[in-house]
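All chains are identified by letter, namely A, B, C, D and E, in their written order; residue positions are counted from 1 within each chain.
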Amino acid sequence: MALLTLTTVLMATLGLGWLLQWLPARGQPKPTYPQRAPFLGGGSPDTHAWNRYHIRYYPMTLLLIAFEMEMMFMYPWAVVFVEKGAMAVMEMGMFLAILSVGIVYAWREGVFRWQ
Amino acid sequence: MILDQLILPWLLAWLMVGLGAYLVAVLDRLLATGSARDGSVWLAPLASAAWLMTQQATTTEAPDAPAWRLAPALYLALAATGLALVPWSPTLVGVDLATSLVLWGSLEALATVVIFLHGWSANAHLALIGAYRYVALGLSYLLISMFVLIGVALPAESLRLTEVVAAQTSLWHVVSQPLGLPLFLMVGLGLTFWGPLDLADSTDLSGGTAVERSGPPRLVWALARAAMLVAFSAIAATAFLGGWLGPWLPGPAWLLIKSLAVLVALLWLGRRLPRFAPERCVTLMWVVLLPLSFIDLIWAGAVALWMA
Amino acid sequence: MTPSLGTHIAFGVLAAFAVLTGWRVFCTDSMVRASFFLLLSFIAVGAIMILLTAEYLGVAMFCMMAVEMMVMALFMVMFMMNPAGLNPMKMVHQERVAIVVGVIAFVVLSAVAVLSEFPDAPLPAEHVPTISLGRELLGDSMLVFETAGVVLLTTMVGVVVLSSRRGRYGCADDGSMPPGLEPGGEPAGQPSEEEGEHTHHHH
Amino acid sequence: MTLTTLLILAAALIGIGLYGALSQQSFVMLMMGLELMLNGVMLAAVAFWAFSGTGAPEGQLLTIVVMAVMAIEMALGFALVVAVFRAKQADMTEALSELKQ
Amino acid sequence: MAVSWQRRLAAHAPAAVFLAEGARIGPLRETLALSPGIRLVDTPRHASVLLVAGDIPTGWRDDLRRVHDQLPAPFASVWCCCEPFEALHDPIRIDTLEALPQGVAETHRELMLGKRDSAPRLQPDEPPNPWEGLGDDGHGGEGMMGGTPYGRPMAMNMQDDLRDGLTLDTLTFRLGPFHSGLPPGLQAEISLQGDLVQAWTVTRKPFASVVEPIFHAARQAPVPIAELELSRARHHLRRLYRGLLVAGWPRLAERTLSLTGQLSPNSDITALRRSLERGGLWRLALPEPGRGVLDEAQVRELGGPAVRAAGIDEDLRSHDAHYRRLGFAPTCRDAGDTAARWRQWLDEIEQSLWLAGQAARHDLKTAETDAVETPRGPWTDAFPHDMSDLLGQVLPGLEWGEAMLTLASLDVSALDLHPLEEPWQRSTGDREGRA
């Protein structure tokens, strides 16, 4: 049921957003080619804008994947934290230690500085 | 059953989207200096919306058509879904999911995808830079958000937002976990790319991902951004300010007041700071704020054990 | 657990969606779009998991996959000459074989699913999946948890060593720092004579 | 929604993923195939857990471990691609096999 | 035609104006920013009125045509002291500055209420290259990268350009001359590698920049130092305003601008400086120390605040006997980078206000007339000339945002030796702040 409700809200709002864009646009003239050229303050591009783009922060994104996976283990842990007491604390210590080592290492290697 | 489980959450979410977005526009103008300049503060957002509705919707030479059309609507849908998660009172909850905290986290992750698509789909130079730049930020604040939200889940022994609120009966998390709310506010600024974290639609890119947008899609995008701000405020009020808890007034009223407080704080922060440089923003998130969120979690764990 | 009619319908829709989007991944020109099709497939499977009452796993799937596919799209843009598929392209090899193998895998696995008998032991009614998962993680399967933590740390270190240029394991690619800027200037990549040594660091 | 239909769906996902992993030339696309296969595996694990595991938490655990494998595969895979690319400017699987020689 | 309630409501919205700045117009952008009912926008897509102000020379008119066609319908163009395109049948011309804000707002209202038709498109509706029905799949492309899919070739590098160990493609395009982050009139051919500027070639020089008339007067006869210094402070405040807009801090930008209106020798910018420091402009927003550094030869040629930001105390005012009597000594920063140039503005504004206060008390006039330090640089027999080629040396290697902030910190256009004529003259000087 909850899933159904969520889906309804999601889809209905998606539909609303789409209608808000589509309804007023029906009678409007189609943009001409010069109008559709990307805005560059009057300048013109040579090529399409999509290209092989150098994303300088990519080591950070890879690090994040590993990190986030670790977080996925933490949510179930949070639920039983109080129940398990000392053991959970130990677990948390280990977990945070791992993460800290990861961050410190990555920082030392300059991952968060874009290259 | 259909009425209160399907229609009600949906209407609640839409009401909040509409009212909230309007309120964001009004408040933001009130917080800006020289606000009285452009006529009535109350009428101006409506007039601007009406203007955008009459404007022609541009497109670009070869956009990624489905993404180009869907991105603003998707962002709006994510905001509405977030609003549907908010508990208004112990009984009035849009969607009472056992993992609503995690779901909110995934909405944040999906928002990054949608904002990227918004800039990517235009096939325009400045919009693309905005999109790539935003992803760096979007992936950086995600961990902080997870940490502080796990922090509030500890004392509640649950990932359910209603139980998170119930766990704050004696003491709000904003007091028992003092680092949580400030860190979470940074996440909010990032999620809505507002003020100092406006890396997606920034002025040095002439409007970033929205540079090629005009007319109704631009209105939907602005609406979605404001709605996301509202959704975030409501979640923050629930997680840290005790949600519906409070004397005298009914629960929903308290939630509204608290969300408003968070909203004003966000808008005020947005006006008080310059836009951070992207690279330093990422370093700030990972090297300063993330360790702070570790401390927040340790603190939250200690307090949770001590209170239990 | 006896699913209701609504659940059956929802499952049907989601299953069709998951397969359709999964298939679209490999017949889309735009690489970026392909990664987001894969994300949609994952989201559909996550929703099915929620239908199966594995709520946490389903939602975690949304979260995890949104990030993974975002990164996937970024890498598409970094490596592909034509990331948006402006010109249609098909970069496949041994396609026939692949199709045959794919179909065989599907048929064999479905046959196993249809023909074999599985014990019918559904979830107990008062089961709370997230809590039981948490207890398991901090109880019997502690080792898994710990191992996963260490393995992920190793991954982090590995990722940093492999992808970051200022690795401590030598100046794996000294020449690339800082990236050259003059068009047609000295390439900043790894000079070819150091190649053997370079790969040695990584393997 | 029965165990059988769930497993058939999982088989379909694995089949498509296998096709992708075998046929795609580009390394990144190949990884997409692998991910899709793991997607099917996760679904199957959850299905077993829900229908024939008496709610034993190992089923969930297995899924989450598969998810972790996926994350590791992806992170290390990409890191390797970057490293190899630096060395050879190659992102095609064929070029990669040449590299081994 | 009945006007729908929606359009009537839309008529109440502030007019979104894209300003195309021509030559010799003075601080029009700043005046408009303070005008009620007008909102300046950075892209024509967000505008309903294109305002063309000042002379647009022939070479620039094609670019203007491109911008004109990018506004979404319904839109109109307003021409101020500029010859409209002939293809426009019913151009709106407003040649007085007083009527301009009102006229622009009125144009927006008329558009919304249907009293005025949207302007026609000036360029033929043709793709940049023919594509329909051509190529492999009729989409104009050939093979993997060839052809002109959907009208444009794809971005790729012909030469194998390996940097950072990866094969990186560059993206080349021309930006400007009507981009609000660039000096008016400047067009540059930019090659981007990811978000890094790889090459920056100026293809059109910026229009000469104008300073307030009092600096021209100071070349003819002694003028009161107090007034001269207030003008200088105003000039720098306006630069700071534009910079802060680029830095994404509109609230403080407006505050800065509103200071220009009521500037007096008693004005004080400590509060402004404190807000800038506390907000973390230098720590978090501006390029890191060492970015955008100019070497000594470059700054000497550039002149003005940029020299002093690099630690060279070159200032014509120190040759002026009366300035010396006031105890003037040039204020300097050492670093010579972008951040230092931003700080230099603040220092010079403070110094100017202090000098103005001192001079007002002693009622001093300038002693020299053949050597005047303008806010742009020293004006003797020589005067600051166009230095836009310098950008090609400073900007490569910077990230896009850093490049824009560095650009904002530099004054590279030539100094216009003639004072502004009507109506612009009245826009400068102390009447500007009346709004």
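Following the convention adopted for this analysis, a contact is a pair of C-beta atoms (placed from the backbone, for glycine too) under 8 Å apart; a residue touches a chain by one contact, two chains touch by 3 or more.
Every value quoted in this text rests on a predicted model; they were computed, and no experiment measured them.
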{"item": "Farthest-lying chain, centroid of Cα atoms versus that of chain A", "value": "E"}
{"item": "Chain closest to the middle [Cα centroid of all protein chains]", "value": "A"}
{"item": "Result of counting contacting C-beta pairs for C-E and A-B, higher pair", "value": "A-B"}
{"item": "Most widely separated chain from chain C, with each centre as the mean of CA atoms", "value": "E"}
{"item": "Whole-Å separation of chain centres (CA-atom averages), chain A against chain E", "value": "34"}
{"item": "Centre distance in Å when chain B and chain C are each reduced to the mean of their C-alpha atoms", "value": "27"}
{"item": "Separation of chain D from chain E, taking each centre as the mean of its C-alpha atoms, in whole Å", "value": "52"}
{"item": "CA centroid of chain A to CA centroid of chain C, Å", "value": "15"}
{"item": "Residues of chain E touching at least two other chains", "value": "43, 45, 70, 72-73, 127-128, 149-152, 154, 156, 160, 162-169, 171, 173, 179-180, 193-196, 399"}
{"item": "Residue numbers of chain A (touch at least two other chains)", "value": "4, 28-29, 31, 33, 35, 37, 39-41, 45, 48-55, 58-59, 61-69, 72-73, 75, 78-80, 83, 88, 106, 114-115"}
{"item": "Junction residues of chain B - those touching two or more other chains", "value": "53-54, 56-58, 61-62, 97, 99, 102, 123, 125, 132, 135, 139, 142, 159, 206, 211-212, 215, 278-279"}
{"item": "Complex interface listing, chain A residues touching chain D", "value": "58-59, 62-63, 65-66, 68-69, 72-73"}
{"item": "Complex contacts: residues of chain D adjacent to chain A", "value": "64, 67-68, 71-72, 74-75, 78-79, 82"}
{"item": "Chain C-touching residues of chain E, taken from the complex the two chains share", "value": "136-137, 139, 141-147, 149-150, 154, 156, 159-166, 168-170, 191, 193, 196, 198-199, 396-397"}
{"item": "Chain C-facing residues of chain A, complex", "value": "3-4, 7, 48, 50-55, 58-59, 61-70, 72-73, 75-80, 83-84, 87-88, 91, 94-95, 98, 101-102, 105-106, 108-111, 115"}
{"item": "Chain E-touching residues of chain B, taken from the complex the two chains share", "value": "31-34, 37-39, 43-44, 46-48, 50-51, 53-58, 61-62, 125, 129, 132-133, 195-196, 198, 202-207, 210-215, 218, 271-281, 284"}
